[in-house]
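Here subunit A shows up in two complexes: once beside subunit B, once beside subunit C.
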Partner chain A sequence: MMKRETTGGNRRAAVAIWVAAVAIAFFFAGMVFCGTVEIPADAVARVLFGDVDDAVVLTIVRDVRIPMALTALVAGMALSVSGLLLQTTFNNPLAGPSILGISTGASLGVAVVMLGFGGWLGAGLGCYAGILAGAFAGAAVVMFLLLLFSMAVRGNSMLLIIGILIGYLASSAISLLNFFSTQQGVHSYVIWGMGNFGGLTWERLGVMGVSVAVCLAGASLFVKPLNALLLGRRYAGSMGVDVRRTRNWLLVISGALAAVVTAFCGPVGFLGLVMPHVARMSTGTSNHVWLFPATVLFGGAGALLCAWLSVVCGGGQIIPVNAITPIISVPVIIYVIVNRKKL
Partner chain B sequence: MKHIKEMVRCLAAVALVAAVAVSAGCRGKSAETSGETAVKPEAVNLMTEAKLLRLYKGEGYYRAEVVNPWDTASMLGAYLLVERGVEPDSVPEGAFTRIDVPLERSLVYSSVHAGIIDEMGAAGAVAGVADGEYFKKSPYRERIAGGGIVNVGSSMSPSMEAVVALSPDAILLSPFENAGHGVIERAGVPVVECADYMEATPKGRAEWVRFFGLLYGRGAEADSIYSVVRDSYDGLSEKVAHSGERPLVLTEMLTDGYWFVPGGASYMARLIQDAGASYPWCNDGSAGSLQLDFSSVYAKAADADYWLIRTYGHDMSLDDLRSVYLLNSQFKAFKDGNVFVANTAEVPLFEEFPFHPEKLLMEYASIFHPEVTGENLRYFKRAKGY
Partner chain C sequence: MLTLENLTVGYGKKVLLRDVSASLGAGELVTLVGANGAGKSTLLKVLSGDLRPLAGGVSVCGEPLAGVPRIKKSRLISVVNTDRVEADALTVHEVVGMGRYPYTGFFGRLGDDDEAVVYDAMKATGVEAFAGRNMATLSDGERQKVMIARALAQSTPVILLDEPTAFLDVASRVEVLSLLASLAHERGKAVLLSSHDLPAALDLSDRLWLLPGDGAMHCDSPADLIAAHNMVMSAGGTCNSPLDSLFTGRAVRFDVQRLDFVAALCK
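Presenting the complex of A and B:
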């Protein structure tokens, strides 16, 4: 009986994973064929098959649309896995990179770069490296603080609260920087804060992709400890899992994933919180053997959907990604809260 | 008998028509002959180019109306400018904010307005400023540093205590859409809504100097400044209009995935076209900015001949531009080395062009048509590194 149930559960999870993969293909094609500039589908297809006859169309499809779709895909995967790791680690369905203060820490790092130097770094220049460094440094500081407190605080809930408080502190510092900054600096920071998947060229996308791939590979090694953590700290400990060490590694990986995305795409909200739940509901399991790949794929599909909507709903302009993600995510969050017993 | 009745009817009709015609003629003559006295002087709007400001001269006062830029059917402010210490014989009906002029202790939020006030010779009437760090030019910088001018803090949230202690006779500030002025409105000080920055034409914005002239008792100086601006602007735009070639011009750059370009009906689009160039979005009807992505910009402006970029604090080179976003190097202007950059932290572009658009027009004309004007750049530099 047990075996049959498991097989049925596996089948459902497998179907869900296939659905997510098809959704990725569908939305990816949508991103490539639909954009802010009207290009006939046959012209796009010619670019894809290497039969180029228009340099402008080639640049737009090959160097703008495809990198944007890939950026959304990679960012969605990274944020979702970050959220999954945090939700399991803290045994809290509302944990996510933005809740724990990691994204806010990255934002503070960028704010220091953009606003703390009279705004000239944020004007766009060498500054790109500065923004990346700022995001990583900000996220790293928050992660370091969380790890530091994790040595003093036993309970996961308390650590979660400390993460939230650190996030508030970072927000306060951002407000102060904004207040004392130049108008140009505030303008740059506000634009960055809108979040976007369209600012990366192939070169930078490669850096982001490799970084995320390394982190995802690292996270995949923790599938078994994650399953053990689902059963509680004591049970995990009895199974030979070094709970504190595992928790610290998971924090570092999830923090790195959030920092990479924030550095390259700005603070993209909600996806990290919601997509693990979509994966859970679709697969009907909490077994990370299935949940982990499902989260990766649903995260990618969700981000692609948001990116696609931001392009096609703007009437020739790009709607900020952060204006789209709550519309898709909030109903899911409310559903999760209302039906928490079922999770 | 029947014929007689018809004749009487006809005569009556003719008489009626004649009476109406004579009556109408008399009225017309009456209006023509007494036109100078019947039409009140107030009825003539003194502003000719500005669309958001109406200025009327009354007997012993000026009446100013600032149109709401975001709802042109309504007013943002209505003012009665009355000479200090003199009571006019009559004032028009309606709700007006009375301002005793010339101003003697004004609080000015914007360095742009302070600049033109100084040019009119009335800098001494500025007693306070907001965002004091933006006032980089003399005499304000020295007076702020020396305490002669009070800095009331951020223009978005000024210190109410500092404003009350200053007790200005008027506050000149720039309005924002659907935003009040907070506690400042309760200070009992006239607030002058300077919506000049929302004017869609260079000369329209520059003409606001005449209003400031009346506020500071420098009407003649202001009129003189404006007429020089207008004549220079018209003369130069006429000159380049006949230069034949109209290069395509791209502005600004991609920032974090978004590219803000001036709308086709905007101030900057107008200035570019008046400088003898073509603007890729000239058919767009928007007076504000368009928020575009790279694809949209590239599809329209890949072949742009010139690329104008404003930065803050950095003299951007072509290498910088390429490193910010690799595809920037795909534009024709980039390949031709025709990228011009204005570092607004170092050149007084934002401070000067609002009331001296002829200077920016000359700058643009120098870039687009050096054969007509010679190359004499004041704000922009050709980007290095190519």
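Presenting the complex of A and C:
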């Protein structure tokens, strides 16, 4: 009897994972076939199958649509896993890279590089290494502060509030930097700050993809201690988990994932908070053996959906993705808060 | 199994227990009793290795606890604490299976031997009937039994429990305590729990560790404690018996008929 019940739960999780994979394929195709420029589906299909009769179509599909879809896919996976690691590590279902101020910290790092050193490094989006380093440093500082406060404050909601406050602090620093910097710097920063999956070259996409893949592979090694942490830090410790070291590693990986996405796509809100819940509700389990791959796939699918909507609903223009994510995410978050018991 | 040698316990300058020695043997159920703040939880933290003692030492199975590596320690001592477990979307089977953590491989897969231990632990604690249910659907009493099953699945000779019967209704309280007694007496576990339930502790424990809150610890069997109390009372009750000393200066006294504390003024 016991055996049957366990496999039953696993079957549901397996089905959910397949559904997420199919959703990824569906929305990816949507991204390739729809865009700001209208191209007949058969022309896109011919290009995909290597029959190039129109160089413009080829360029649009190969250098605009596919990179944008891949960027959304990778960013969604990264943010969602970042959120999952935060939720389990802080034992807090409402933790996520944007709500805890980690994305904003990364943005501040980027702002310092773009606006502070903008003229010196060569203005605008030119210096990606500097932007990446800035994002990492910003995310690391916020992560460190959160870690410090998580030891001082009791209760989950207090840490959440501190995260939100740190986010506000970083935002205000960003505003000040904007106020005192050149117009050109401000312009490129504002564009970047709206959140955007488009505009990455294959080369940059490669850098982003490899960094995210390394972090995801690293995170997947922590499936066993992540499960133990679900019982709380003290129980995990009593079962042999080196809680401090594990938690530090998880926070480093989570911060790195958020920083990479923020550096390449700007601060993208809500996906990291919500997609782990979508994965949890679909698989019906918080066992990371299932939840981790499900979060990767649902994260990718969710970001692709947002990106697709931002293209399809824009009427020839691309809506900033941060205008879309809350519309999809907030109802899910409210459902999670109201129905916590059902998770 | 577990030996306390001249142990001094507290936080910083605040000493809760001073120079205490005692031991907990295999097959023995010991209940730690004392007023709030007397140091029960702190002592349990020290015994589980979460907190360093201020002085003295603890040894487990003949080895000093401070020197035992983490994984080995988790194969010697299992813990049930007062933390609320939020793992609502894990099944009972998964939570009990987590007890195998110190024995499983890198990804925590349970082998056939592990499954056998897990099933045995669920059967012994009576949770196998709802093995497939999520933690969210359980009552407080059922949750507590699941956490005890998890500790049992950890296959440790020593089990420490911090107020395992707090927040439970009378039926669950009795069930949990008799479960712990059977783990000690039938499976030879060394079980130490803290509790405010004095009648149950006197009824089921092999020995009590009393913490009067003055830094001392009084260890005795229930029968001896009651005998000592009767002796003090028949001598006119001029000094405190060990049981009465638990609440010195408070408006309660121990009543032998009820085996519990009653208001000091009424008979």
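To be clear about the criterion, the second predicted complex is superposed on the first by the 304 of 343 C-alpha atoms of A that agree within 3 Å, B and C clash if a C-alpha of one lies under 4 Å from a C-alpha of the other, contacts with A are read in each partner's own complex, and residues count from 1 in each chain.
Please note the rule applied: a contact is a pair of C-beta atoms (placed from the backbone, for glycine too) under 8 Å apart; a residue touches a chain by one contact, two chains touch by 3 or more.
Please read all numbers here as calculations on a predicted model, not as lab measurements.
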Which of the two partners, first being subunit B and second being subunit C, lies in contact with A:C313: first, second, both, or neither?
neither
Mind working out whether A:A217 is in touch with subunit B, subunit C, both or neither, as first, second, both or neither?
neither
Touch check for A:N91: first (subunit B), second (subunit C), both, or neither?
second
Contacts of A:D242 with subunit B and subunit C, given as first, second, both or neither:
second
Check whether A:R234 is in contact with subunit B, with subunit C, with both or with neither, and answer first, second, both or neither.
second
With both complexes overlaid on chain A, does A:S286 touch subunit B (first), subunit C (second), both or neither?
second
Could you list which residues of subunit A make contact with subunit B in one structure and with subunit C in the other?
none
Show me the residue ranges of subunit C that touch subunit A in the complex, using the header's touch definition.
48, 50, 70-71, 73-75, 77-79, 81, 83-91, 93-95, 98-99, 101-102, 104, 106-108, 119, 122, 128, 131-132, 136, 154
Name, in rising order, each residue of subunit A that touches subunit C in their complex.
1-2, 4-6, 8-9, 91, 221, 223-224, 227-228, 230-232, 234-235, 237-242, 280, 284-287, 289, 340-343
Subunit A residues touching subunit B - in the complex, by the definition given at the top:
35-37, 55-56, 59-60, 63-65, 118-120, 123-128, 179, 182, 184-185, 188, 191-192, 194, 196-199, 201-203, 266, 311, 316-318
Can you tell me which positions in subunit B touch subunit A when the two form their complex?
154, 253-258, 290-296, 298-299, 302, 311-314, 316, 320, 323-327, 330, 344-345
